[in-house]
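Single-structure report; data block below.
Just so it is clear, A, B, C and D label the chains in written order, and each chain counts residues from 1 on its own.
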Amino acid sequence: MSTMIQMTAAQAINLALREEMRRDPDVFLMGEGSATKHRDLVDAFGPDRVRNTPLAEAIIAGTAVGAAASGLRPVIDLLFAPFMTYAMDALVNSAGKLRYLSGGQFRFPLVAMGMTGTGWCVGAQHNHNIEAMFVHTPGVKVVMPSEPADFKGLLKAAIRDDNPVLFFIDLGLLCQEGEVTEDPDFIIPLGKAAIRRSGDDITLVSYAKTVAVCLQAARQLAERGISAEVVDLRSLKPLDENTVLDSVRKTGRLMVVHEASGLCGIAAELAALVSTKAFPSLRGPVVRLTGPDAPIPSSWALEQAVVPQPERVVNATLELLGAAHSVN
Amino acid sequence: MSTMIQMTAAQAINLALREEMRRDPDVFLMGEGSATKHRDLVDAFGPDRVRNTPLAEAIIAGTAVGAAASGLRPVIDLLFAPFMTYAMDALVNSAGKLRYLSGGQFRFPLVAMGMTGTGWCVGAQHNHNIEAMFVHTPGVKVVMPSEPADFKGLLKAAIRDDNPVLFFIDLGLLCQEGEVTEDPDFIIPLGKAAIRRSGDDITLVSYAKTVAVCLQAARQLAERGISAEVVDLRSLKPLDENTVLDSVRKTGRLMVVHEASGLCGIAAELAALVSTKAFPSLRGPVVRLTGPDAPIPSSWALEQAVVPQPERVVNATLELLGAAHSVN
Amino acid sequence: MQQAPKTPPSPLTRLETMLLIRAYEHQLVELQKNGAPGTCTSVGQEACAVGVVAALESRDRIVTNHRSAGHLIARGAEPRRLMAEVLGRVDGYCGGRSGSLHISARELGVVLTSTIVGGELSMAPGVALAQKMGKGEPGGIVAVFFGDGAACEGIFHEALNLAVQWQLPLLFVCENNQWQAFVHRLETMPDNAIANWAKGHGLPVETVDGNDAEAVLEAAAHAIAHIRQGGSPAFLELVTYRQRGHFEPDDQAYVAPAELDYWRARDPIDRQVQRLKAQGLIDDNGLTALERQTQASIATALAFAQTSPWPAPETLTDHVYA
Amino acid sequence: MQQAPKTPPSPLTRLETMLLIRAYEHQLVELQKNGAPGTCTSVGQEACAVGVVAALESRDRIVTNHRSAGHLIARGAEPRRLMAEVLGRVDGYCGGRSGSLHISARELGVVLTSTIVGGELSMAPGVALAQKMGKGEPGGIVAVFFGDGAACEGIFHEALNLAVQWQLPLLFVCENNQWQAFVHRLETMPDNAIANWAKGHGLPVETVDGNDAEAVLEAAAHAIAHIRQGGSPAFLELVTYRQRGHFEPDDQAYVAPAELDYWRARDPIDRQVQRLKAQGLIDDNGLTALERQTQASIATALAFAQTSPWPAPETLTDHVYA
């Protein structure tokens, strides 16, 4: 086995890029400041494969689509998720549809990265969790890792995938450290959730930095004798339906927790999934703990109010267990 | 009371525009071909208030945002829903967020219209039901009418609303006729669903042209002694939660039917709503009957396969009633 | 991958191709009247297609838009498979999934057609970048066809700037047909805007009579030579006219009859016929024979398309993902 | 609605304002070092702000972007309310919801600030259209501030074309500060691109030394006169330099020291000081006094901002909808 090393999520991203660029000469990186930011990759792979672009997200994404269809494997850094609004035609109408509309003539192996999430007080034009929009979009895949090892493993899988993958980076995790394998063949397949903690009384489903919130809540619940299972989705599309369904079939209860707003969000999708496919196992209402249906404010005091906190998860669980008992 | 006249949805839209432009000099219309298409409105209100624009959705939407914040009430025609991908920054980051981020300094009374839906064999770059993306977007409202009277009443309400409203037009309804009041004060408030048929055994929720599919299915079910309630959402945001919840509390069963794809769609939102807030009333799994997670093909044969048909609704209902019985 | 046809060698071949494009599109118009899906025809713009495509080689790629029949046929696409596609049948180039608006034919090097105005411009630099980074045949370039309306979209400038900045082997071909759906060009941009805007980006720009197939060919050949030599982009504005409506059906009520008359008098096919007659390369009999032959081939294509099967509903979600 | 300040009347006032902007931003830098949210400072670009804003009247509107402190302060915004906003407090211009990146102050006519690069350009024509359609005070115009990077976004051209086509009373002010976050302008566009692109749209374009407040004022006054007279847009390119990093903190490791030295030697405040000294309008004592006064007012502002309350969590969803 290969060694594990301690690194941040940002370093894990860099390592994934380096390994995949070494493995496959078709992989290249571009974005506003990509070459400035990854000087080491420029040194290793040359300026053709690590490119600073003009400040124009639409043409960055469109160029990636054209290049991907022509045999390259672009990785584009669109910086912050809200900037993807400029790239929506390329991502939604081209990358997501032209394989299908052409009857399968083209493949679009490209990765589009974007940061989002609370923690930096940058406000809603930088911090907007729009991952659900892309889950709703046909023809693309969506991942959002929660820890450095997954940043590396999922990014590598995304680069190797023959479809467009949206790779969302939760800001709050970038500087967080974790163990990462140096094995260049280690990938985390898209579409596989991880059970971060086993439990019997309730299934807490989450992704990105909110997984840690659920784990904290689970520890607090354990002190009260409640055993929570924590599922980290990792891939939002394809979604690992079976892992979620199996867990709920065991625990009988589902709570979905994320920072993104709730309406037509991931929690809605999971609530629907479970209430359609595991209804007989449900011992109480599904609970959604999400960010509000509001833009994210900059002020630290308000930004913190957006974040689902462990206490909210604990309280909602306690309430649910009470309610479930009275219902059954 | 004012007279009812027979007209198409397209005529109802035109009438709504005419009435609101007459009522309020701040209302104006712009888009690629708006003046060409609504020559009668140009004649009535002059070329300043009915404008052909350059072929550039981003600046059309951005201009509407700027104008709305400055006291005008723009209505913009973005033609087909997928073209809104070019206008996403203006709609999502500006119209949806700048009131909030400015601490309430601005209002954005604007309406953005877009057509979508099956029936014309135009393929996924014209036909893409992206309404769920905007339901997920904070700060905007979303409507999608099902009949001429609602086209008029909802468009008028949208124009009078002080917030950005996405007005989606299901292509298949445009030439369909219905009774419409001539009363210029008649509006249909945003956020109010309509019960199109009462029933006790199951709640069928839908919107736009799929409402007719549900009504057809309900008639077929009635022949088998099954009484289906049909709810037409009309507004997708704000969503009339109470009408849906009350109905499900009565019938104990929910099926949501729409053409848009399912993942993180409206049906997911309603399934979540009901499984969180009306769980004790649910007598069986929630059912989603939606378009596939795929771009919409052009070929008539395949396009028809996308559309939820009455038979599917009937069969799924029969299956659900069976299953529900065996579960309870 | 490439089996593109040899460059049509003569003005006579170009006439033939233009006749074929027109006959094909007239057939689509008839089909639409009988209930088939509508299309955006390129009637009046055939010289743009045959002129530019004649200057391309098989190693080159084409990226095009909603008004693409001419580009496809000039590149050697079979009318029967195009027609099958328009009718939504399995034998269409895209198995019926595209319909008329986004037909790609990868085997001919016609890639990534988009009906989103500006979509073609967003993707073309990436195709050219791949050529430059060694993914195509050596020396291949990309020609992107788009309309005057597309030049209003911001992506037009983003594509031009990237192509110039990265020195991409990309030929921009703007078919300025005066109309942008239901709006006249002069209502959306200053006169001469297209060439002026392009010049602002600092690449070679030429404005050409787009209804003269030979003039188009010459200008395209010249621009392409520049691209192949220097590896940097060039721009052609082809001044032409959309003789029919934006989309079938469209009664063109918004078009001044005098304008239509003016441009019909400058029809590109008539122009080529006159040229060939003047050069003694065709006479009335020859023309009639050509037209008959074209009609026959379209009739065969139609029969093929109409008997091609519908795609099976079970295949609905095939090709969403690779 | 309007209570914008009177036009600062003299070069000395402009120096005062530039000193205030710089002192304010230096204070933000210090705050960031102690954990406050980072900001995009405009250190080195103060002459652009004071020059253009001096040419505006209270009936005019400003639309700006992420690097807006200069525009706001030149327009009369109170440093204490700006600082409270940066710190996320209730007394900020936006009640703490904006933070530093999108501060609007409607009472001053600074509307619709966007931190999406190009967002300002997308909305400015609509504000100008409203002025033209009678919504503001008669004769009011709009000035939109944006960077050289924003000119790479397609919306730049869409805004220019619409403004020209619809004859909107809109002044485009491009602060060409050489950098686009971590990328130098010359890596993203040809030299002189901004003026060339703008000229392609056929409106009056002037390129000015953006580090000379008086030159900026003169050019802005001239452009604004044109706009008020003809009701049609004009374009200013202000050549300047971003002396600090893109965002605090940013060590500028990617910037050549010689470049920094070159531009620091052309600092707009030093320039104004020298001009005033040469004209006998200020001496060292006067300057010291001014600086001290500025420091004092910033210290007061800081105290105000730091003691301003945090917004209550219960207000989280206020102002989402009207």
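Please note the rule applied: contacts are C-beta pairs under 8 Å (C-beta built on N, C-alpha and C of every residue); 3 or more make two chains touch, one makes a residue touch a chain.
Owing to the predicted nature of the structure, the values given are computational and were not obtained by experimental measurement.
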Task: Common touching chains of chain D and chain C - done: A, B
Task: Between B-C and B-D, the pair with more C-beta contacts - done: B-D
Open item on the list: Measuring centre to centre with CA averages, how many angstrom lie between chain A and chain C?
Closed with: 41
Open item on the list: With centres defined as the mean C-alpha position, give me the chain A-chain D separation in Å.
Closed with: 36
Task: Two or more partner chains touched - positions in chain A - done: 53-54, 56, 58-59, 82, 85-86, 89, 93, 100-101, 123, 125, 138-139, 292-295, 297-298
- [ ] List, in ascending order, every residue of chain C touching at least 2 other chains.
- [x] 95-98, 102, 114, 116, 118-119, 152-155, 158, 161, 165, 187-189, 320
Task: Overall pattern in which the protein chains touch one another (line/ring/star/complete/other) - done: complete
TODO: Spell out the part of chain B that touches chain A in their complex, as residue ranges.
DONE: 82, 85-86, 88-89, 92-93, 96-97, 100-101, 123-125, 128, 130, 132-133, 135-136, 138-139, 237, 239, 261-269, 271-272, 274-277, 279-280, 282, 284-288, 292-295, 297-298, 327
- [ ] Give every residue of chain A touching chain D within the complex, in rising order.
- [x] 32-33, 36-37, 52-59, 82-83, 85-86, 120-123, 125-126, 292-295, 297-306
Task: Contact set on chain A toward chain C in their complex - done: 26, 28, 48, 53-54, 56, 58-59, 61-72, 74, 89-90, 93-94, 98-109, 138-139, 162-163
TODO: Give every residue of chain C touching chain D within the complex, in rising order.
DONE: 152-158, 161, 164-165, 187-190, 193, 196-202
Open item on the list: Looking at the complex, which residues from chain D come into contact with chain A?
Closed with: 37, 88-89, 95-102, 114-119, 149-150, 152-154, 180-183, 187-189, 254, 310-313, 315-317, 320
